[in-house]
Amino acid sequence: MKKRRVYLVPSLIAAGFMPSKSDAAPLVGPTKKNPATTLFERLQVKQVYTLAGHSSHSSHASHASHASHASASGGGYVLPRGDYNNSTTYTQPDPTPSYSPNPVPVIRSLPTTPNIPATTSTGSYPTQVAPQSSPANTAPMPLKTLPGNSDKFRRIVIQVQTALIAFGYFGGPVTGQVDTATRVGLNKMQDAYGLKVTGTITPQVLTAFGISTN
Amino acid sequence: MTVFPLKFTRLASDYLFADDAGGYFRGDRNFLERYAGGNLTASDTEFLHRNGYAFDEVGDPAYLGFAYRWAQRLHRPQGLNYVILVPTLRCNLACGYCQVSRVNQNTTGFDWTEDALAEVLRFLDGMDTASAKIEFQGGEPLLRLDLLQTVREFARRKFKDVSFTVCTNLQSVSDEAWTFLDASDTFVSTSLDGDLSAHQRQRTITSHGTDQFVSNLRYGIERLGRGKVSALPTLDVNNLPTPNQIIETFGDFGFRSIFLRPINHQGFARKRYQTTGMDERWNDYHGRFIDALIEHNWTADFPVEEFYFTHCLRRVLRGGHNHHVDLRNPNILGKDYIVIDFDGTFYPSDEARMVTRVGQIDLSLGSLWDGIDQVKLDVLNEEATNSFHPDCIHCPYQAACGIDVIDDLSRYGRIDVPKRDTTFCRRHTAIFEKVFELLYSDDKKAHKSLAAWAGIPEFDSSLAPVHR
Amino acid sequence: MIDLRLKIDDVPIDHPSIVRLRTDVVESEHDAVLIDRDHESQTFDLAGYSLRVYCGPQTDLDGDVLLVVPGRNSAHRLVRAGSRHNTFLVTEQCDQLCVMCSQPPKKYHVDLFEQFTVAATLAPENARITISGGEPLLHKRRLYQFLVAAAKARPDISFHVLTNGQFFEPGDIAIIDEIGRDRVLWGIPLYAPHAELHDSIVAKRGAFETLSQNFVTLMRAGAAVELRTVVLQQNWDVLPRLADYTSTRLPFIDVWAIMQLENIGYGRMNWAHSFKDTSLDFGQLRSAINLAIGRGIQTLLYNFPLCTVPSQYRHLAPSTISDWKNKFLEECGECALRSTCGGFFEWYKADQGFGGLSRQ
């Protein structure tokens, strides 16, 4: 509790202050979520950069990760070939890309694949977060970055499943996806043919069935 | 080409020019006259433009670079993240200058009540910051180790990242207290008043007391590690140890940062002329201390700094250097740090707490139960900037300087004393004059110390631009 | 030198695809779990197909994200889970021809942003991913889509985008906000404080002027910028002036990285008249560094072996050469600084290199 007492300088006004302006707004900092609206607010935010394991508090000890260009061992990931048919010159910015016909954010909701064996999560890898999908497109589309979604892959699987049915190792249905029943069939087939038993499609399985990947 | 307005001051043989973004250079009288008369030569414009003192078009790189640097000179407080807690006013020492910041060890009624403690925790809980700094002052905080433990435990759960500083006289430290201080997030700040004879004169009085202190300080440094213990000297202007006595005493304990502080007798009962005399004496001493450090650093294994001088040097060289709460512009009170007294009263700073207790002027800002008095804060903060003050806008040191409303109120009881008549201005003018004197000197020894204090590998003359 | 490609038995796919290799746990549809190991390979279950990866039995591939290309028997290790250096090469096109370029540009472009987005979402926790090229912002719209999508999907990861700073526009500010200003560090080169020299080093007239405008946009955006300057004979004498320019015109940058030259690509072609032996002459660097740091610019030295740096500047030279392309020399031996030194580039040639090396 405050004691009442007499002060030599009885008030702030007596000390020479002006009465407070009623419209003076206290300064507020930008919250992390909202982008700063004024130039001054933007200029004040200091980024904190860390190299894995090092903090950037002291001006000399902080490191920023250096990254030079990628391996100079032959260039990019996909060398140009006639069949890609997408050559563009570098003076034309932002050409129509050949692999993504839809000019919208590319991540769509994942198809469910119940065939992945149940696991207990132990590591530090996060489970994939459900990504944003285009508002105009609610039907899930297969991710073409998934090998299992590739037409060629499915064709191979279909051929393998068909062959497994033909030789009696698998009862169907032919789905184009390697489900549990298909794995069981593969196991049986590999065992019968004296191949290494993996439950997966191997080059040996393909050779045995005369299936080519071309 | 437009030149950003230049402020200037006369030096021995020429002039120091500076702008609002903290850029500076030396030039002669002829340049001043050309500048004032609008007769800049090609060489002038080339120099001014290249070095960022001028721009061609609004929005061009030079203009925007200046705008950014000017903005960098302004301190923009974040939310509350630094709290000074005074859990008790009781103390086991009776230092001459402490005055009203203490009561005797056995006095009742000067500790936090149970209710007050609960309110303090509730207050901490209400803080909206991930990282905080909590400082315990007093009295002697270790007399209520239990309160410190409760607060620390709570704060560790509440904040993602928190550090604690215990400001203790280190006279009497129990085993339990040492254990408390062992923690990696807890630091010790103590007083070491210059050299041991001054320390005894002002604080411990008896040689036994001094021995006790020294022994605890040594033990503390060894047990906790040098990085966790710091010491500040409070000096009597009328009875100053020599600079070397202080440097040696601190060096003996391994301290390399010395923050010289003069005893500030509260109240403006002292006559004006005494005040003036004391300013000069202190400023002269401070300058000699810096000289002594430069000499010491020339041959020492490790460089030693005077903390405040380093702080001012860095503020001259660059913007954004706002670590010290007493030197910032604007210096908004009650925003990013606050003091909570033994009785739950809020104050904008420790000095404000003392000024109020002396009975000079009421600078309290409400209490844990009534909340913060924002109206009063707004009135105080009207004066919390030097950017538009008529006495400051022509000063070449303005960009590096700050403002201290509480200090002015403490000494003069008024906020409108002409700045040049205030201790704050005089003190900082003297420091900045010294900073520039050293920056522009040719002395190798000065350069070595400047580099160490500025945090750069070696001094470079480009940090002292001259226009010929 | 670590190979960023792995030999594999090719996989029947139509498009470049993403696979994350796991040893125990499967958490994503892109995961392939280890099912077999022998002296020369590890085999993973990729949606029921055996993916055989050729590598030593000791190689830890857990968490690595691969880009598998149709018909190819090598996969690219886009993300190595145990490394701090993961780079996505998003294009090989570029509109500049910098004299020291380590990745000389190509005319074609292949859009793999969808694959990169998936790869980013599969990266380990708190991963920092470098986006490189060519010039990534030549495909700005797609790049931004990628950054927005990846940043949203994984709030913990961050990006280091290497760009020449020729394509930023005021409208980009809103997108930078959407990604998160603190999520991307833009690494942008500036080689000289005036147009003539900078333009000649990057072989593009008008580059400096455009870059200056880009910096204005980035400053207004409050973006995080790493200014990069390669030390060359061509700009050696103006380094102090560049420090001055940086501190007055570009005070908003987060860090100024002064870099030594890499002996690869155009750098190798132009080595003789470009490489500045800073082990014998550090003078201009001293001035530049002291001025910049003095004025509050955080300044670091990248790719400088520690013995080429005077001792009081060594703390400014962190180990920066990516782990997959660095080496030490035989004469380094048991140098006392070895553990903190970044060493040399894999393609460093001693007979053309530093004259002032010395074991510490």
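A, B and C label the chains in the order they appear, each numbered from 1.
The rule is short, and it goes like this: a residue touches a chain if its C-beta (ideal position, glycine included) is under 8 Å from a C-beta of that chain, and two chains touch if they have at least 3 such contacts.
Keep in mind that this is a model prediction, so the values were computed, not measured.
If the chains shown are joined wherever they touch, the resulting network links each chain directly to all the rest. The chain occupying the central position, as judged from C-alpha centroids, is C. Once the centre of each chain is set as its mean CA position, chain B and chain C turn out to be 42 Å apart.
Between chain A and chain C, the centres computed from C-alpha atoms are 20 Å apart. Averaging Cα coordinates per chain places chain A and chain B 48 Å apart. Along chain C, residues 219-220, 252, 293, 316 each make contact with two or more other chains. Contacts with at least two other chains are made by residues 39, 43, 59-60 of chain A. For chain B, residues that reach two or more other chains under the stated contact definition are 68, 72, 320, 455.
The residues of chain C lying in touch with chain A in their complex are 3-5, 9-19, 24-31, 33, 35-36, 43, 45-50, 62-63, 67-70, 76, 84-85, 87, 89, 91-95, 101-103, 105-115, 117-118, 121-122, 124-126, 128, 130, 132-135, 138-142, 145, 148-149, 152-154, 156, 160, 162, 167, 174, 177, 181-182, 185, 187, 219-222, 224, 226, 252, 254-255, 257, 259, 262, 264-265, 293, 298, 300, 302-303, 315-316, 318, 320-322, 324-325, 347.
Remark: chain B residues 23, 50-52, 59, 61-62, 64-66, 68-69, 72, 317-321, 451, 454-460, 462-463 touch chain C in the complex. Here chain B touches chain A in the complex through residues 67-68, 71-72, 76-79, 267-268, 320, 332, 335, 343, 345, 356, 359-362, 364, 367, 374-376, 378-380, 382-383, 409, 413-416, 455, going by the rule given at the top.
For chain A in complex with chain C, the touching residues are 35-36, 39, 42-43, 45, 47-49, 51-52, 59-73, 75-78, 80, 84, 86-91, 93-95, 97-100, 103, 105-107, 110-111, 113, 115-117, 119-129, 131-132, 143-148, 150-153, 155-157, 177-179, 182-183, 186, 196, 198-203, 213. Contacts from chain A toward chain B in the complex involve residues 1-2, 5-9, 12, 15-21, 24, 26-27, 29, 39-40, 43-44, 46, 59-60.
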